[in-house]
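Please go over the structures that come below.
Next, two complexes with chain A in common: one pairs it with chain B, the other with chain C.
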Partner chain A sequence: MKLITVNFLACAVKGCKTAPASYPLHFQDAELELQELEFQPNFILNIIPRIDWDGLRVMANELGFPTIPDTKPEGDALKDEQILRDLHRVLLETQVVEGKLCCGNCGHEYTIKEGIANFLLPSHLGPTTPIKKSPGLLLTKPLALSLN
Partner chain B sequence: MTSAGVPLQTDCSQPHRDDAAYEEENVHEVYQQIANHFSATRYKPWPIVERFLKDLEPGAVGLDVGCGNGKYLTVNQDVFIVASDRSENLARIAQEHQPHSTIMADILNLPHPESFFDFAISIAVVHHLSTLDRRVQAIREILRTLKPATADSPGGKALIYVWALEQKSSRRGWDKGDQQDVMVPWILKGTHSVDTPPNEPKVFHRYYHLYEASELARDINTAGGSVLEAGYDKDNWWAIASRTDPKSL
Partner chain C sequence: MEYLIRFAQVHESFRQPEIQALADLAGVDLEFLYYDKNSPFCIIKVQDEATARAVIARSIIAKDIFELWGQGANFDDVHVDVRRRTEDRWARFKDDSFRFTIDSFAGKRNEKKKREIIQSFSFLGFKGPIRMKNPDQDFWVFEDYGWDLSSPDILRPRPEGQEPRTIYFGRWIANSSRDVINKYDLKKRRYISTTSMDAELTLITANMAHAGPGKIFYDPFVGTGSFLVAMSHFGSQTFGSDIDGRSFRGKEMEKGGTMGVLSNFQQYDNVGKFMDVFTSDLTNTPLRSYQFLDGIVCDPPYGVREGLRVLGRREGLKNEEVIIDGIPAHYRPGYIAPKKPYGFEAMLNDILSFASRTLVTGGRLAMWMPTSNDEEGVVFPVPMHPNLEVLNVSVQPFYSWSRRLITYRRLPEGQVSDVSQGRQVLDSEGVYADQLNAFRRKYFTKNQHDTVSKSRKESPAS
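== the complex of A and B ==
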């Protein structure tokens, strides 16, 4: 999972949506990996306006990235290729391979395994979460099928 | 030539089924099993989805809810998409498409900030939810993530596709008046499954709710959205929707 993703994630628990502490999610035991991607300055320039800078700063501090400017680059700073390259590296090239993302509001931990973060909630947190087969289940048995 | 859909047997004397468990068995588990084969057959983007994605402004940020193998992630490289699917196997296949990202999530509990995104697509997903209430909730959950309209901006837009009941000329042959809740077979040939002898086809059944004319618009309205554009395209109903009133979600 690319680090930029965290900027667009919040806790999946309904009650957390309006709680300011549910954003951004916080990394725990994050194992990072660099995956090189072609540098596209225009992509970074276009995406900067959509980045929540405070959220990005929180994440960068927690992971120990020193290269994120204190404030969102504007004006001449956007012409500085090094700034754009640093952002490209952090946002798009840095992958979280293993670890957890935690909600600062409810404390729920979401596991990241082999680069995929799992936001499916256990049944007590999301009433809509699947429960394995239960005996009382009304299952439908298909009638004879004509297959093609 | 065949009509392969099977109406669901319903028995009103039975206790109400657990909808989430039902979908786990008849949708999610099936996609886990057929992920590779399913993905190999899904590579061509549908033109209306392609147009929707290509018309986005560079730098737009959006969601692909129920991304499957991620075939729409390749359409526009100038936007950023957080794609999600319930199936880990499909999410892993989708993950390879740059510059985007893929996660595992449930359409009814999306892990995204509210009122933020420029766009969302959910293609052939909402029809897998097994009650009206859950389908409306799913649409509401997508709308909730969209940027509300303001004086200077039209707000975020969502493109939703569902399978149509009216598809008389299709291989399935369903039409108006037929059962809307059906089990649809997926035939897996070869040795993809561990508990089947080699080369013996294995049949999986997925649950679908087939949408009838104007039903998608009705569900979108109930969910607090308004339809900006809608149509019928190759056995599917589609609609582009925005949020009507942020407070109603």
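== the complex of A and C ==
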């Protein structure tokens, strides 16, 4: 799980998403791994406007990264290659391989194992309204026939 | 300037949409002057050679592009046309090395006749050396005999001695990316499954969705990651999720080896473009609702091989035990979240609504969906969303069903597409968005597709 991905994630529990405390998810018992990857300044430049800076700072702080500037780089700072390289390192090269992501609102914990997070919810936290059946639109029958 | 595109004679209804998507991506004005689904040859108008190169460079279904020097129904007409169009250019190529090649579609010529045809172009006055390998100028004669649609085997070339329907003469400009298909051949890929989509179609999908450097792409039904591989080929950062984590992990990972999807990125030496995969369900996605994705590409489960599932419990089933031995069940190792059947249309609506929330303005959704070929079977309308404009619908027909690739564009705030039209429209092969979307028809009257439909009716433009 890379920090860039976690920056785009909040708690999956219905009703939690609108609560401010459901973002960012908080790392617990995180085991980090660093993997050197090709530096893509264009990608970093494009993605900076879409990064939730406060969220990134909280996460980086929890993981012990000291190099995140207080404010999102703008203007001339974007021409500073070192700033972009630092961000590349934090966003793309840093992996959480084991640990948990916790919701600050409901306290639900999502586990990360071998770099892969699991966001599937038990049914009492999932959707409460059953999905309407739409007869004739379940494709199973006609297609199953034609495909044997 | 007019250019001749030579297409592969496959996936016909994807050919124009792919070229159009690439022209849009390159910011190029492109007009289709001649297109016929039964012919590999297509004439387009773009500004100059540089724009022609820009359009063709990423194409998967086109093979190459040529500067059109002339065309006609017989060689006399072609010679006249070549003289009329290009006489002022001949001097420029006078001393270059060159080569002539004849390519006949649905017909054939013997070697003697081929030599005669080449000789007939001697009026061009080229004095340079003939070079069969890497010539400075590469000239091509294309003969289109037209498929004999009455023949039981239309793919067999017509017998020798017949005359072509149309002849084109052109100067080679550039090759497409068609050879990339071979690089990503599923047969040579480390991690695949029975549902992995083939290299050609995933790469075409990537073109339709405008995958490219600096962009971020997501596949909510990632499976073995075929789409991620194709998106990353064009330079996008990619990530995906799946309700079934086993699909992207793979058996090797369970044995302590590399994760399946990652092993493909390693194979293609493109690990830097792989962000993440995680286990989740689109209806309960942990992804936040704001516009941060450049593109979404997916081939959702059809419910053919496996029923559609979403998180939740079937109605009428008892609630599960939530606490076991003092530990919430869902935190215990080996916990499997319950899933329940899910309607196909509900899933499509979820995808569209997710796309409208997360795509940046102008970002694209390229989604595959199945449909029945059979009139009496279930007909699926093209799913629509007010914030998404349907750009095109391409069809891959099978024996008794088809699958369609539908490409959408996220509209700017304040612009809304009319979703009332498309729902009743049935799609025949290669339906354009214009027929499905009154909004588009109204606001994009100058668009390329109108030109296409016009030039299709008329005889090939000269």
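Everything below uses one rule, namely that the second predicted complex is superposed on the first by the 126 of 148 C-alpha atoms of A that agree within 3 Å, B and C clash if a C-alpha of one lies under 4 Å from a C-alpha of the other, contacts with A are read in each partner's own complex, and residues count from 1 in each chain.
We adopt the following convention: a contact is a pair of C-beta atoms (placed from the backbone, for glycine too) under 8 Å apart; a residue touches a chain by one contact, two chains touch by 3 or more.
Keep in mind that this is a model prediction, so the values were computed, not measured.
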Which superposed partner A:Gly115 touches (first chain B, second chain C, both, neither): both
Chain B versus chain C as contact partner of A:Gln82, first or second or both or neither: neither
Touching partner for A:Phe43 - first (chain B), second (chain C), both, neither: both
Partner chain(s) touched by A:Lys2 [first = chain B, second = chain C, both, neither]: both
Overlap of the chain B and chain C footprints on chain A, listed as residue numbers: 1-2, 4-5, 8-14, 17, 23, 37, 40, 42-43, 45-47, 50, 92, 110, 114-121, 126-127, 130-134, 136-140, 142-143, 146-147
Residue ranges of chain C in contact with chain A within the complex: 213-216, 237, 239, 241, 243, 245, 248-249, 253, 259, 271-272, 275-281, 283-289, 291-292, 302-304, 307-308, 310-313, 315, 319-320, 322, 328-331, 335, 337-338, 340-346, 360, 370, 372, 374, 377-378, 380, 399-401
Residue numbers on chain A that touch chain B, as the complex places them: 1-2, 4-5, 8-14, 17-18, 23, 37, 40, 42-43, 45-50, 92, 110, 114-121, 126-134, 136-143, 145-148
Interfacial residue positions of chain B with respect to chain A in the complex: 1-4, 6-11, 14-18, 20-26, 28, 58-61, 77-78, 80, 82, 84, 86, 88, 91-92, 95, 98-99, 101-106, 108-114, 116-118, 134, 137, 171, 183, 185, 187, 203, 205
In the complex, chain A residues that touch chain C: 1-2, 4-5, 8-14, 17, 23, 25, 35, 37-38, 40, 42-43, 45-47, 50, 92, 109-111, 114-127, 130-134, 136-140, 142-144, 146-147
